[in-house]
């Protein structure tokens, strides 16, 4: 099975930093989302593609562990990896680093499920996801 | 003509404060939006009502002047006033105060236009807005 | 031991809703923070008080499970409960409900540690936290 | 006098789009800030440099006009230009375009003043700004 992963570098924005001078913890969910989009672009499974197949893929679980703070003007790097499951889910693992020092800043994971356009939960893996797994894994 | 106005108090959130220890300037557009929603509730012209009439009312102009900073744990008060126009627009004026000191923190205004569901600009005042103006002004 | 808990109602803001028409998952970390502030006010352990004692209390772990989406104009209610630990940590559990239907929208928890002003991690429970626990638990 | 200007391309994020499917108007203040940071990098007048000189440069006026909406997955381009003034202010003009169609999405400007570390307003142009103007204009 292939390990599907990609990464992205980004700058810390002034508005993401709180009065302690470090990135506000809530901003990390945005970094994770940026990483999912980057993954989607690279592996052809973008939100819009999922939507065109007739589905939403909302987040149902989000977990973040904060190791070392990021500060304004830091350059950061996020790694996202696809974690395989047989279930009708998309699971991603994340690692955020300070891109200059290489220090680990945060880790986490997210779980997404599939809903049809009427917001019904899909218990079975949608066909387009099965095909995607066959192609890429 | 009646002066349509309402106000709302709110607490400054930790996440709205930047590394200077003051509310990040971009947060004020959120306070203005909260005020518009409060106005909508009080004068029956909420976003959802506008949408149900078949229209969107996007912001086309936003102006903010910052007078005195707000800090974490400050209590703030926002006043919103309807500024009449014959045009197919909604114009609101805003004033934000420190609720404790009474000091003026910011002023501003916003302009909204009407689009139909196909995103066509309405050059004439939509009927439901004419009726609303007759009722309230 | 007392169960320390409090709750708060709030309206869903237009800007918190994404293009699926539901609250963006990242907004929940903001709701959790609002709940911590409410807890702090009620039990005298606000961020500013912690800071005045010479400490920061950054989030080191955040976990959210999303059960039922919240939509624009929904009224929500968040419950926050203090989860006791002997460690030099603050742990809170959260439940978010649709305030009208009573339906559970999300659950989660957060873990905070204590840093001194030089950002050194406190391995021992700071004195002011020991006193606070004696008083309230 | 030289025309000081620079530009930056960026992708529209999922979380920046509202339930109308277009970028929430409040997100533009963030784009403007990103552009100021890019300008600061290119012309050596970054926030941190200003801070090291002993000053803050908070926004005191922000004006945005929205022309054409940006949507999820659009590629955008922002241009920022320095508008000269003899006053103790920093004024920037902004234009945001859809990078693919070239269509103008928004225009605006911002005004910043200088405060010393005690938050006193500087009525005279700080020396480091005079030097910067001599060097670059």
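Here the chain labels run A, B, C and D in written order, and each chain numbers its own residues starting at 1.
Here, a residue touches a chain if its C-beta (ideal position, glycine included) is under 8 Å from a C-beta of that chain, and two chains touch if they have at least 3 such contacts.
Everything quoted here is computed from the prediction, not taken from an experiment.
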Pair of chains joined by more contacts [C-beta pairs], C-D or A-D: A-D
Farthest chain (mean CA position) relative to chain A: B
Distance between the centres, which are taken as Cα means, of chain C and chain A, whole angstrom: 23
Interchain centroid distance [CA atoms averaged], chain A/chain D, Å: 29
Averaged-CA centre spacing for the pair chain D and chain C, given as whole angstrom: 34
Contacts with two or more other chains, residues of chain A listed in rising order: 14-15, 26, 30, 33, 72
Touching residues (chain side chain A, partner chain C) in the complex: 20, 22, 25-26, 29-30, 33, 56, 58-67, 69, 119
Residue ranges of chain D touching chain A (in the complex, touch as defined): 11, 13-15, 30, 33-34, 37, 46-48, 72-73
Chain A-facing residues of chain B, complex: 14-15, 17-19, 21, 24, 26, 72
